[in-house]
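Let me begin by handing over the structure; questions about it come next.
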Amino acid sequence: MFVKKRVAVVGAGLTLFRRNLKQTGRELAYEATKMALDSSGLTLKDIECATLGTAPDAFDGIHMKGENLLDGAGAWRKPYSRVFVGGGTGVFVANSGWWHVASGLFDTCLVVAEEKMSSCFPHPQYAFTTIFDPMVERPLGMNLVWIFALEMHRYMHAHGIKKEQIALVSVKNKRNAMDHPCAQLPAKITVEDVLNSEVMVWPVQRLDISPTSDGAAALVLASEDVAKKITDNPVWIDGVGWCIDSTYWTNRDLYFPKYVECAARMAYKMAGIKNPPKEIDVAEPYDPFDYKELHHMEGLLLCKKGEAPKLTEEGVTQRDGDLPINPSGGLLGVGNPIAAAGLMKVCEIFWQLRGEAGKRQVPSDPRTGVAQAWGDLMQYGSVIVMRS
Amino acid sequence: MSLEKIGDPREIRHWMGHMECDYSYTYGVVGEKFFKEIKENAKIMGTKCKNCDLIYVPPRLFCERCFERLTEWVEVSKRGKVHTYTVAYIDVDGSKLKKPIIWAMVEIDNVHGGFVHKLGEVEPKDVEIGIPVEAIFKEKKERVGSMLDIKYFKPVK
Amino acid sequence: MREVAVVGMGCTGFRSITPEVSYKELMFEAATRAYEDAGVDPRQDIDSFICCSEDYWEGFSIFDEFVPDQLGAVLRHLFTVSADGLYGVATAYMLIRTGAFDTIAIEAHSKASDILTFANIVAFALDPIFNRPLGGHPFYVAGLEMNRYLHETKATKEMCAHVVVKNKKNALANPYAGCGANITVDDVLASEPLFYPLTRLDVSPLVDGCVVMVLASDNVARKLTDTPVWIKGVGWNSDTPWLETRDWGRAIYTELAAKMAYKIAGIKNPRKEICLAEIDDRFSYKELQNLEALGFCGRGEAGKLTEEGVTGRDGDLPVNPSGGMLGVGCSLETSGLQKLLEVVLQLRGEAGKRQIPNVETGLAQVWRGIPTASGAVAVLSNNLR
Amino acid sequence: MSVKIKKYAGEEIKTEDLKEGRVPVERWKLKARYAWSVGAAMSRFLEEMKNGRIVARKCHKCGRIVVPPRMFCELCFRPTDEWVYVKDTGVINTYSISYLAADASRLKEPIIIAVIELDGASKGIGIFHHLGEMKKEDVKFGMKVKAVWKPPEERTGAITDIKYFKPAEV
């Protein structure tokens, strides 16, 4: 696939992820954006446009919140817009930064993601009750965790997967997060801890789930010409992909995320990847629940359907394994300010491919990485492929 | 287009619902200090960008133009000028207001910004763009640290 | 460079209420028309779909969930831009220019009649700390803007009323329009005062409706149609989100968006090079303010041009021949696509009674409404020179 | 750059401090109300619920019978062609046992929820509903279930006209 211009990531920034942060949404966006800019060596003057990703307005509690956040995203008197694909937004916003630059219209672009879920008070769960169809679902008293529990159970049933196998993901990611300076829930836990934690919606237990969080993340993107002037080690965005499945989730077989596969194929085709498990060195699949990491590894074609639990048991997905998965600590460990969590994954791949991930660095000298997020009613996949 | 449509108006249905939650907004690191000064001392504070030579009111954590972090606080005047105004005759639910509300953008003297607030102790016919006004604060014991601690702006000589 | 063209469009028309169809059925109708017009099968031929919506206009969190089926986008590439449809067009333009996409469909709709508490929702867009606690109907922001604009430019309420009269009259010749009328300047001035100097008839009424557009790269466009309408340039921009530091008299965002679009399109003198314009008139004064921001005339001249009939359908620079938002209605995030639709119809020569003779280049512009200071511009031509 | 960054921004607040008002906040209760047009497909569906029947739409091109009904076939991108009644029985496609209510508060007695593939609809076409009259230990994938309707006089034309699905006698 011919792409007009190659696009590089030249800077990344992140705030702490916490249950409640004092900063307003735009202050959080500023902190991440400023850090990304400073790390790239560019200033706001050098930036030509900005794109923002943030999940429902119902979290921050501001209608058209993209508009409210724009000064924090460095977009004062600049071309600026917001993309929004539910939980898939965090990775997708990096995709949107890619086309701003790849189109040749801009040489530099800020990519910003923010979420302040704590504004929805006392619990962000209230905001989730309106993601459902008002006629056939909301009257039944829907809770967000319900639909994921249904999906998890179907996935377990289809492949005969045990909870013990799934719990390993939570154990791994929370442990990986011990090395992440922004992490909200780093912990050394055991499979037993997960299995003994409070049952929320069987088969989902307390330690199977990522928390709700406040936080922000940002990237600076540049065209090849600009990137080569300012850095010796740009990280290239070589493939982007996205896909949506039907709204009617009760009409689909939830055991496999076809939409992730479709998005991955789009990104792999653009990046020229033919054999994903061989060619991809590190991956950050979306893990708001532990089973989702496994589900998404399969969707990303990193293994065969139903095989992800086995790879996890064998240690293949550990930081020092053959295919490190979520070396950052993922959403389970670092936290889940929805859009910011997705972009955190892209930041992590950036740092991993630059060899700057410090204690989190995967030892295998990774050259190609993939990040993925998932959203809407278990129907959206967004994927990005990056190379050093 | 669909092959069958509703032809009998009695078959038309609507489904009622809402998107209502409670919200609680933190003031942010800069807002907290700003409202503390309003509450305790009836003082209006701004933050200064030395690069752009601007004092922001309300104060900002960062300059929207150059992205510098703003750390210098300055007390600013309680007086300003009406930059523009309007007279609202209807309320948020569309009903007619018993007493029209005069809204104004008040540019605080010598700063970048000011407040969009109400004007008081004045009739609509006496308001003009450019007239000087002053912030009228609630009594200290009534102040909670919010925009409502300023009751309104009132014309001054 | 890859060129981008509009190759198909579909519209449901605009009415104050559409109780017989759900938003899904409304979208299905516009999409069916657009794909038929473009001669494409959405299940195979569209490389990505773009929907433009905001959650609180719909009554859903994550409205993106509810769009793919009725557009033919199931298990295909689709995403939401939380902005006006014209931003969707700008996004499609970028995607096609990357070289990796050939055909893009853009959708925006309004089901404003589903919303029972419109003003409360607009107020929810105000800053929660500095503005919202003061309460009130949020349209005071438009009153503040209008008053400052009139003050700075010496334009009059009568001039604004002329805009209303012209646009509502234009709408009478537009079968899509829902708010046409034959009224006088005095009728506008005598209408109920809402937010001085803004009166009831200065405000565009809310309507329902859906528009779907299909855009394609030059090689695909030439295969699909004999009448491609080329997108010569796009631009979008935002002034500060803070009411306290924005420019109350000028539409800075329109100035900057136009500058960008003109640069891409190679336009140096918009007044000479652009034959017609569909610009944001959700409040009467906005048409005048935006006309000036777009560089069609100097500051303070738009009102006079309007009074002289220059912006009439048979004038030298027809503005809002569709009837604009005052005549067609305000369709929320669909507004920009409604404007683009008219420009494309005019440039194709398909505008019927409203057809302006010998038009080659047209412009569409939109603002994101209260309380934003954001907007987009597109320049189109039926001639790829 | 990660290894080069020493400090990350963000001032943490404890949830208790927010709850007990130790951190200044501005509060707001949003009024956002809607009257969604139900449209042709769902108007008929809800009306039939009153009659104790579940109605679907069929696409003549792909032959699928889908519920909830829609006036378009999302796979063929064409209008659906006819109304078809499906049965109020089906099998459990997936289920879970919830100790959480919609507002995330804890339930004393868990509720069982499921996706039920309806008899008479195409394979894999299900609806979401609650299960009742069974113990959580007894629920199984593939289990036959049947709708339990409210008495006709209590029905309002809503998905809740079905109280829940219970085990079907085989």
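Letters are used for the chains, namely A, B, C and D, taken in the order the chains are written, and counting of residues starts over at 1 for each.
Keep in mind that, in the parts below, a contact is a pair of C-beta atoms (placed from the backbone, for glycine too) under 8 Å apart; a residue touches a chain by one contact, two chains touch by 3 or more.
Only a predicted model underlies this, so the values are computations on that prediction, with no experimental measurement involved.
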Q.
Touching both subunit A and subunit C, which chains are there?
A. B, D
Q. Comparing A-D against A-B, which pair counts more contacting C-beta pairs?
A. A-D
Q | Farthest chain (mean CA position) relative to subunit B | A | D
Q: With chain centres taken as the means of their Cα atoms, state the distance from subunit A to subunit B in Å.
A: 36
**Q.** Cα-centroid distance, subunit B relative to subunit C, in whole angstrom
**A.** 28
Q) Counting in whole Å, what is the centre-to-centre distance of subunit B and subunit D, each centre being its mean C-alpha position? A) 41
Q | Multi-partner residues of subunit D (each touching 2 or more other chains) | A | 11, 13, 18, 23, 26, 28, 30-38, 40-42, 46, 70-72, 74
**Q.** Multi-partner residues of subunit B (at least 2 other chains)
**A.** 1-2, 5-6, 12, 14-15, 17-19, 21-29, 31-32, 64, 146
Q. Where in subunit A do residues touch two or more other chains at once?
A. 20-24, 58, 61, 71, 76, 118-119, 121-122, 126-127, 130, 133-135, 246, 248
Q: May I ask you to sort the chain touch graph into line, ring, star, complete or other?
A: complete
Q | subunit A - residues contacting subunit B, complex | A | 20-24, 27, 30, 33-34, 37, 43-45, 58, 61, 71-72, 74, 76, 118-122, 126-127, 130, 134-135, 138
Q. In their shared complex, at which residues does subunit B touch subunit D?
A. 1-6, 11-27, 29, 32, 35-36, 145-146
Q: Would you mind writing out the residues of subunit C in touch with subunit D in their complex?
A: 18-25, 28, 35, 41-43, 56, 59, 68-70, 72, 74, 111, 113-117, 120-121, 124, 128-129, 132-133
Q) Which residues, counting only subunit C, touch subunit A once they are in their complex? A) 1-2, 48, 54-56, 59-62, 64-69, 73-83, 87, 90-91, 93-95, 97-100, 121-122, 124-125, 127-129, 235-242, 252-253, 256-257, 260, 264, 368, 371-372, 374
(Q) Which residues of subunit D touch subunit B once you look at their complex with the stated criterion? (A) 11, 13, 18, 23-38, 40-44, 46-47, 71-72, 79-81, 157
